[in-house]
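Consider the two complexes below, in which chain A is the common component and chain B and chain C are the respective partners.
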Partner chain A sequence: MNWQAVFIGMLPEHLLLAGALLLIVVELLSRRPPDGLPLALATLAAAFLAALWLAATGHAGEPFPGQLTVDPAAFAGKAVMLGLAIPVALLARGELEGPRPYLLLLFSLYGACLTLSADSFLTLFIGLELLSLPVYVLVMAGMRGPGSAEAALKYLVLGGTASAMLLMGASLLLGATGTLAIASFAAGLGAGTPLATAGVLLVVAAFFLKGAVVPFHAWAPDAYQGATVPVTAYMAAIVKAGVLLAAVRLFGEAGVPPALVAPIALLPLVSMAWGNLAAIRQSSFRRMIAYSSIAHAGYLFFAFLGAPEGRFEAVAFYVIAYGLMNVLAFAALPAGADDAAADRLESLQGLYSRRPYAAITLGIAMLSLAGLPPFPGFVAKFLIFRNVMEAGYTGIAVAGLLASYLGLYFYLRVLQFAFMGSASGETIPARRLALGASLLCLIPVALLTFFPGWLLERL
Partner chain B sequence: MAEQQFLLAASAVLFSLGLLGVIIRRNALVMLMSMELMLNGVNLSLVTFASAAGSTEAAVLVFLVFVVAAAEIAIAIPIVLALARRRGTLDAGSWTELKG
Partner chain C sequence: MAEATLLNYVLWLPVLGMAALLVLPRGADAAVRGLAFVVMLLQFVLAAWLYGQFEAGVAGLQFETRLPWIADWGVYYHVGLDGMNVLLVLLTAFLGPLVVAGAVNAIRQDVKLFHAMVFFIQFAMIGTFVAQDLFLFYVFWETMLIPMFLMIGIWGGERRIYATLKFVLYTAFGSILMLAALIYLVWSLYEERGALSFAFTDLYGLDLPMNVQAWLLGAFALSFAIKVPIVPLHTWLPDAHVEAPTAGSVILAGVLLKMGTYGFMKLGFPLFPEAAVAAAPLFMTLAVISIVYGACLALVQDDIKKIIAYSSISHLGYVMLGLACFDLLGVQGAVIQMVSHGLVSAGLFFMVGMIYERCHTRDLAAYGGLAKAMPVYSVFFMVLTLASIGLPATSGFTGEFLVLVGAVSAGWAQHVAGAGSTTLVLGVMAVLGVVLGALYMLRFARLFLFGEERLPGGHAVADLGLREKAILAAIVVAVFWLGIAPAGPLAKTESGSLQFQQLVLGDAAGGAP
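Let's look at the complex of A and B:
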């Protein structure tokens, strides 16, 4: 084994692990439960900078040949997720007590980083499980209302089903190609034999389940609503980014063969339409964001129809823009002792007259999620639909665009609540540290709004 | 060869039964059992293909599946206990806190 490659190539992971172990030791040694936030933030910042540095210097290596290899694209993906985790951790202050939620967060991110470097289904499976298992606990950890446990169980059962489908697909691909390397997926795409096609479809279904695409979306609204705000932000921003970036790595250089275009285009298309329509009738903000995330999963999986060259760029830009917007929106939400009441859309009534800054950031987030120019959400959507058009699926792209603008209505409804309603008597308390979290998001959002090309050249 | 086909058919049946159970059964514990059934179907097919392809990696994956399945259940059981205490039932259909 090459120790140097293992040390440098997995530096972000090592830092996360060191931070998590340190957190355990600190908790064991102190009498009162210590505050985990400073240590977690330092760990996240160190891992983020390490990933950024390795991506910028174009480091590539093979810490574990055949199982885990690293390249600049993988480091860029890791930097995206670790960077997004910093404002999410800031949101957790006041919601989740003690060092344990931060511990779970760090372990989950370790799994997310593994998936992006996975070279075989073995590593991919470990990474996805390590990404998901702590999140099941985190959904439960809020325990604000009776919904939390129910949401956690639904998420766990469907997440477990997705893992089983992924493994079954991997096993069938092993039978078809004789290897567990993720390259067997790309080989299976082109093979056209029944065994390989069944394997490919099972793996794709597993990713649709993890990414919440209709008809595999049933867990998302419940899990998003049942969890507390920081956990929902984590699921929306980072879990989704991890799943999608892992899918990009899985598809690799392979295009979608004509025989499989129908399922890979149709389900995301239905997802866009259904997600956007169902979001209209929600009265809970987090549930609305869940349906919006179902629609966005549809746009993201559209990227796989396009040519392999532009795929990573489009998906990475999209998950950056989408994750930033979600965290920005969640940072603007009012905090309240009664979580269910604070989560209602009506509680945003008259937000502008009381906390103008929060209302404006919420407005930016909603307009960008709706995909209106000049916000980054527009560029992100444009990149994906351009790739689909260039691949020759004009009809599918037009249908997708039409479905995507169904979403305008409910995003604008949030704005209507925040800006037009008159303030009722009571004050809306802000989240602690929410200002820091929203500033951390707002600066990259401003950069992406004015200089999207700068980032695209580097992806 | 016939033996291999029989094992693969058995694994497909186990997997499908598990998937069907997760979808249609409403008892929380039965849903978890169905999830395990799916994973066992996977294990059987992994072992079969591993011995056919001579792949050690796939055999190692089988052990990892055991470990992860145990971890999943270790998380699931406390959640089910919390729910059963609160609601007095294991019927997922009667939990209507989250709908819509």
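Let's look at the complex of A and C:
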């Protein structure tokens, strides 16, 4: 084992672990539950900077050959998730008490980082489990009513199903190719034998489930609605990014063979249409965002139809834009003692006249999620559909664009509430530290609006 | 050339204005209005100076800026003026200060946001006109929806939410198909040349098979036709116009609708020339249907705003007819008609807004004999009515006359050459449309201005104030300028019309007929 490679190559992970252990020690030593936020923020910032630095210097290494290797793309992905976690942690102030939620957050991020460096199905499985298990607890931790427990259980059971499918798929691939390395997935894609294809489809289904693609999406609306705002933001921005970036690593340099195009294109397409249509009928903001995330999972998995070279760029840019937009939107939401009431779309009525800054950032987030220019969501969507069309699937791309059109209405409806409704008179309290979270998102959004090329050249 | 950057100032000035608005405190309405007016006036002065410096008879772009934007994709921030857009940029900048001045009494709620949206839409509209890169064009084109959505939705009438959603969902549907066509088009260019580029000049030369051209033209044309709007895609327009605040209607009729016709001229027809020539009879037929149908609907409306709204459909039919006949005079006329309609309909919407502020109804039956109660108002109204009909010496005459001459002479040439008489018949039918135009506008003026004096509520109303007179006087001066001395604008736009004709018909047909 190369200790130097382990130390430098996994520096972001080590920092997360150190921060988490320190949190445990601090909690043990203090009489009253200490505030975990400062330590968590310092840990996240340090890990983010480490990942960014390693990505910028182009570090590559093999801490655990065959199990875990690191490369600049993996560091870039880790930097995206760790960076997005900072505003999410800021949102948690006032929602989650004590150091334990932050502990769970750091462990979940550790798992997310592992998945992006996984070289074998074992590491990938550990990473995905470590990513998901703390989130089940976090969904539960809200405990804002019986809904939270039900949502957490649903998420847990379906998440377990995804793990089972992943393991089954990996064992079938082991049978077909004789190895547990994730390269067996790429090999299985091209093999065309029934055993390998079954393995591939099971693994893809597991990722569809984790990413909330129709028909594996049923957990998302309940989990998003039942959790508290920071946890929902975490699921929408970071869990989705982790799952998708891990899928990019899994697919590697392999193209999608023609025989598998239909299943891999069809479900995301249905996901876009159904997610966008179902979102129209929601009256809860978080539930609406859940359906929106189902539609966005569809766009993201579309990226896999494109040429392998462009996949990472497309997915990474998309998850950055998408994550920023979600956190920006959640930061604008009103806080309330009665969470279910604050979550209703009607509570946004007349937001502009009461909190203009929040209304404007919420509006930008919604328009960008809808994929309207000049916001980054448009460039992200453009990149994905361009890749699909370049791969020769013109009809599929056009169908996808039409499905994305269905989503316009419900995003505009949020603007309608925020800007065109008359205020009911009562003041809506803002979330604590929401301004900081929202500025941390707004500045990158502004930069990406004017200079998307800068980031695209570097991905 | 130092002044090459001037166009960028015209384009970005509204964005600076938006930033300046952020600094002003909430509730400082007078300061907000003052700032907005000054910035818009400055934009107009700069645009007028640009227009003055624009050299007539020079093919290609002037005041060009080209900087890499998304270098990986070959996307450039590429803007410039040519004969096609120079007059439209001037029109947009001209209406800016008038919109701000016209909103002083009408907009009382969220004044800061309103002016931010005026800035935003000016930026997007001028950007759409001056963009020379397809990606940049699409970004500006779609961006326009956002301020318009808010403008109708926040400051509109009773059914504003319905109207604004209909407007956005209608136009966005066209755009999404245009986006698909855009990606396909650029990808085809890449496969042919091996380089990614979104530049108009690169895309013009692309040699596509006829069936691909037909599909792509269909996607672009749907998007543009919704914006124009061409019958039968016009149903969003009356709702949007009726519910929009005066400023929204003025921007919508004055500039936004021209995006569609400009799109046909700059992109739709020149990008897919063979398909455009083949589909010309279809476009001409739809144009004539728009002229006649719009006029017939305008004839039976009771709502004064709807009369102007439907008249827009009719007037833009002439623009489409002029473009689709590919005759130089017709194309020239189409360009003038775009500007003329921008001025006249903007003026009429201002006037409708002014009377609505006084009487709070748009029901035509509630009015009568305004000529006695409001003489100054009535004079301005009559002048704009006559300009709308196309009386000689007004801008409407220059535009419509050239379009009709172009359409009929193109039709006659085809008829003589034995290529069928469809164009000729359509041209003649369009001439009959002028009669309908006179009919509905004069009916409107007769019921509105003359007859027994009748005002809603029965109380007396004040005639126009100085601010209102100044707005209308500016428009009337511009209307007469285009009507009496069209030689200057025609000379400046001729290179654009020639370029359009050459791109569509090929070099063989270039030059004046």
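Basically, the second predicted complex is superposed on the first by the 459 of 459 C-alpha atoms of A that agree within 3 Å, B and C clash if a C-alpha of one lies under 4 Å from a C-alpha of the other, contacts with A are read in each partner's own complex, and residues count from 1 in each chain.
By definition in this document, contacts are C-beta pairs under 8 Å (C-beta built on N, C-alpha and C of every residue); 3 or more make two chains touch, one makes a residue touch a chain.
Quick caveat: nothing in here was measured; it's all calculated off a predicted structure.
Steric overlap between chain B and chain C is absent once the structures are superposed on chain A; the two fit side by side. By the document's definition of touching, neither partner reaches A:L433: not chain B, not chain C. Contacts of A:L22 after superposition: neither chain B nor chain C is touched. Of the two partner chains placed by the overlay, neither chain B nor chain C lies in contact with A:L201. Once the two complexes are overlaid on the shared chain, A:L277 sits clear of chain B and of chain C alike. Contacts of A:L367 after superposition: chain C is touched, whereas chain B is not reached. Using the contact criterion defined above for the overlaid structures, shared-chain residue A:L153 touches chain B, although it does not reach chain C. The superposition places the C-alpha centres of chain B and chain C at an angle of 140 degrees about the C-alpha centre of chain A, rounded in steps of 10. Which of chain B and chain C touches more residues of chain A is settled by the count: it is B. Look at A:V6: by the touch rule set out above, it reaches neither chain B nor chain C.
Note on the superposed arrangement: chain B and chain C approach each other to a least C-alpha distance of 25 Å.
Comparing which residues of chain A touch chain B with which touch chain C, the overlap is empty.
Residue ranges of chain C in contact with chain A, taken from their complex: 26, 68-73, 75, 110, 113, 138-140, 142-143, 145-146, 149-150, 153-154, 160-161, 165, 168-169, 172-173, 176-177, 179-180, 183-184, 187. In the complex of the two chains, the chain A residues touching chain C come out as 352-353, 356, 367, 372-374, 378-379, 382, 385-386, 389-390, 394, 397-398, 401-402, 404-405, 408-409, 412, 415-416, 419-420, 452-453, 456-457. By the touch rule above, chain A contacts chain B in their complex via residues 120-122, 125-126, 129, 133, 136-137, 140, 145-147, 149-154, 156-158, 160-161, 163-165, 167-168, 170-172, 174-175, 178-180, 221-222, 225-226, 281-282, 287.
Contact residues on chain B toward chain A in their complex (touch as defined above): 8, 15, 18-19, 22, 28, 31-32, 35, 38-39, 41-42, 45-46, 48-50, 52-53, 55, 57-58, 60-61, 64-65, 68, 71-72, 75-76, 79-80, 82-83, 86-87, 92, 95, 97-98, 100.
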